[in-house]
Amino acid sequence: MQAGARLGFILLLTPLLLWLTLLIIIPHIDMLLLSLRERVGVGQYATSPANYLTFFGEPLYLRTFMRTAVMSVLATVITLLIAFPVSFYIAKIARGRVQSSLFLLCLVPFWVSELVRTFGWMILLRETGLISTLLQYLGLASGPVEMLYNDAAMMVGLVYTSMLFMVVPLVTTLESLDDAVIEAGYDLGGNGFSVLREIIIPHATPGIVSGSIVVFMLSLGNYLTPTMLGGKDSLWFTELIYSQFIVRFNWELGAAFGFMLLILSSVIVWGMLRLTGQTLEKTMG
Amino acid sequence: MTLLSNRLKLATSVVALTIAGLAQTASADTLRLLTWGGYAPEDVVAAFEAETGHTVEVTLSNNEEMIAKLRATGGGGFDLAQPSQDRIAGPQAEFGIYKPMDLSKIDESQFIPSMLAATKGNTTVDGAVYGVPHVWGTSGLVVDTAKAPGVKDYTDLCSADVAGKVSYRLKRPTLIGFAFAMGLDPFAAYGDEAAYTAVMEKVEAKLKDCKPNVKTYWGGGDELMNLLRSGEVVASMAWDTGGWKLNADNPDITFVAPASGALGWIDTFVLPAKGGADQAAYDWINYVMQPEVAAQITAVAGNFTASKGADEFASDELKARYQASFSPAAVDNIKWYPPVPAGLEVIEGGVLDRVQAAK
Amino acid sequence: MTPDLECSALTKRFDQSLAVDDVSFSVPPGSFFSILGPSGCGKTTIMRMIAGFLPPTSGDIRIKGKSVLDVPPNKRPVNMVFQHLALFPMMNIADNIGYGLRRKGLLKPEITRKVGEVLDRIGLPDIANRKVDELSGGQKQRVAIARCMVLEPDVLLLDEPLGALDLKLREHMKIELKALQAAFDTTFVYITHDQSEALVMSDQIAVMNAGRFEQIGTAQELYYRPDTAFVAGFVGDSNRWSGKVETVAGGTLALRTDGGLLMRANAHDRSLAPGDRAEIFVRPEAIRLARSDADLAHFDNRLNGQVTSLLFNGAASRILVQSAEGGPEIEVTLPQSGEFSDVGRGDAVHIGWSGEHSNCFGLTGAM
């Protein structure tokens, strides 16, 4: 019986261990070794930190790195600002069928691929697109308006793509807040703002933090949206990684970039947790 | 205990069988083809499978991804690949991802002799031939001749009268094209890193100046077609086939061979280093190089092949468009890409990054 | 004296249903007023209208004589202790209690002082820095009351706050709540479906059913002189028979039950005529148990029967008696004198009660 339980335990643990070692740990060790390799001649390599020095020595790489970080944080903040009222409405105000259909509405865009969603935005925002045509038809614009290929379009795309991942944890935490607690906040003299600040937001913090972490990671690692909506000025760190790996055949530098991105996201997530006084266990559990 | 060991035996044999089964699917009868869109039309594949008994698995890709994929597996996972002829010698020297061709297994009489000879020359590494030609074409300009009659060369994309209505790719063909249009010869500087860097610095300056003129840098063929079709872009760098396809819908739009010369490319057949179905690969090459089959591929891909006599089977419309875009002088002026020396991409990559980052 | 709380013709309609139907009452200062009713009777709706979370369809609510209909909940001089207390889990105890004071804009030292005072009054001076989930159920209860009382409201509303506690603690908290109310000298309005909570604590109780008040009165009035059949049935336990009135003589009437028994009862000024359908309620403790019929000669209702079961519950033990003349089993309180401590199943007993102690109500409507 004891042996049976042990066997069961090992069998349950095996997929997790396999997944961790084969798909996470080994590739990362490989990437780390790759990033510490320098090409010294045709087919010849030596161990050196040259790739990291290249990264810190080239202002373009550093700029793109910082820009990606700042824009991802901004996308996360905007997503939070939009998702919070939406989630509050779904969790606390809507009832029954309205509630589930609203939730479904948030989910619907995810039935199609990210590529299709991004194309949807391109159709809307382009010079000959829907919004431009509508504005001209209404006489609000004299000529075609180009809304695509800039940072704002990119931000719209990022926020849109991330929305659901913010709404789900927020709805879950807000639903767990007893309505009576909110009412008590009013009953004891609070107004909308103070109830929000002292009761709702503190209660929703784990959801806000876990949603923000997911959205931040998704934005930071997004490739399609910045490339397609961002246009000629779009610079996203994942684009650099892609081009180092695929276009330049420079896997060594690409791996170094990949590691820098990993460090960046870890640092920002850690900072976010510290700032809000949350722990990873509290947020994810 | 006996039960357990019996189970173990059963599990082991199931695993063994599964592995054997997987190995079976990768046997010599399956041709895993890494190619471009349009190079392996379904009806051609079906006819080939019926004739030879092989099965064909097609994976669509482009030059860079083909090399990246083969590099990741050390030349495994595919039995036949089709990179451009200038991207064979360099990656082979650097990564060793291809294996030499056994030319005795190929029916050389089906190829246009000049093109075969040129490709062999460009893909020879250490005395062994690695590639034979398949499809060829050019890149140049696609222009809406009614709205942008002034665009005759790459550098005309930077003129004020088409400001905000042009597009090109931020890739190496753009760098090479602009260099020629500026009166430089990048191909002559291929072997000399310092000279090539100097050429590229001039191109970089030009492209930075030109940046405000650009609506967006296109990434995929469909994206470009949409931009041109909707009239948001009136002139762009593009492949000849793209221009001809649009010409069928809108007679004003067509492919224009730039004054400084269109850039000629040849996509080839190469054998990946760890390919397992060489015989099937040779069968495929010999099959698709038959003039009738080659003409079928031309009809789908839009480009001509290196198959001798296939022109006779090509459609008259395509021939007419080709002749409208290419005068005999323009054909002579085509700049064929020489093999890219290893390491050149790093210089170009820096230029492209800085152009992208420029305001 | 102006009542602390006065509701007049208060009505609340939700779509089709009438949740509160023309309810009027007033609560004098410093009293403990309970609204008792089964779940769904509309008592929570009244409470939420007083607190300001629901606007009444019609009628008026006055606190200290002033109508509060136009006052939002955060400005009303009433506070509420919620069913599950609704303490703020994200704050410690001092912040919980200080919340309302902060909203009033009091200065920090002032808040600290008042919080300290109220913690002393509820007898928990050392818990200011504890977290909510570190407190016991009873402590949370007191904190929830303190959180309201620190604001010195004119009226404190309590929405079944003892419902979540276990029985022992509930019994204890009843007494404590009453003591707290006396200590703070504030008007409490308490709603509950548990009659013992209402009976033990309240100065006045309103029994509510289907959106209406059936009766307002003291615990004794409701218990001994119920106005309606609903109150008689809802407050305390009763044996109940329905039947037809046969004769009416002064206050006393005779009724033939559906089972064929003839019973005498007091109509307590309710007009009933021979032939009317009526119901009789008799409390188990009003019924006297005896070994022989002769002992019960002075009662006008007498039956003999057999004990079918013994419901032992200490001081509140009862027996069920099946009458020889048929009809439903009758619940009878076992006297505490020990005289019947040996009574057991199957024993023959005699029971009797006075018509004065039974209540009779006419049955109207659904027959």
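Every chain is named by a letter (A, B and C) in the order it is written, and numbering of its residues begins at 1.
Here, a contact is a pair of C-beta atoms (placed from the backbone, for glycine too) under 8 Å apart; a residue touches a chain by one contact, two chains touch by 3 or more.
Keep in mind it's a predicted model, so treat the numbers as computed, not measured.
Enquirer: Would you mind checking which chain's mean C-alpha position lies nearest the centre of all protein C-alpha atoms?
Expert: The most central chain here turns out to be A.
Enquirer: Greatest Cα-centroid separation from subunit A: which chain?
Expert: C
Enquirer: How many angstrom lie between the centres of subunit A and subunit C, each centre taken as the mean Cα position?
Expert: Whole-Å distance between the two chain centres: 56.
Enquirer: Would you kindly tell me how far, in whole Å, the mean C-alpha position of subunit C lies from that of subunit B?
Expert: 87
Enquirer: List the centre-to-centre spacing of subunit A and subunit B in whole Å, with centres computed as mean CA coordinates.
Expert: So the centre of subunit A lies 34 Å away from the centre of subunit B.
Enquirer: Counting only residues that touch at least two other chains, what does the list for subunit C look like?
Expert: Residues: none.
Enquirer: If we count contacts the way the header does, which residues on subunit B are in touch with subunit A in the complex?
Expert: Residues of subunit B touching subunit A: 64-65, 67-68, 71, 91, 93-96, 170-171, 211, 214-217, 219, 223, 230-232, 342-343, 345-346, 349, 352-354, 356-357, 359.
Enquirer: Looking at the complex, which residues from subunit A come into contact with subunit C?
Expert: For this pair, the touching residues of subunit A are 178, 180-181, 183-191, 194, 198-199, 202-203.
Enquirer: For subunit C, which residues are in contact with subunit A within the complex?
Expert: Subunit C reaches subunit A through residues 51-53, 72-75, 78-80, 82-84, 86-91, 99-100, 103-104, 147-148, 151.
Enquirer: So in the complex, the part of subunit A that touches subunit B is made up of which residues?
Expert: 39, 42-43, 60-61, 63-64, 126-128, 146, 148-149, 227-228, 231-233, 235, 240, 243-251
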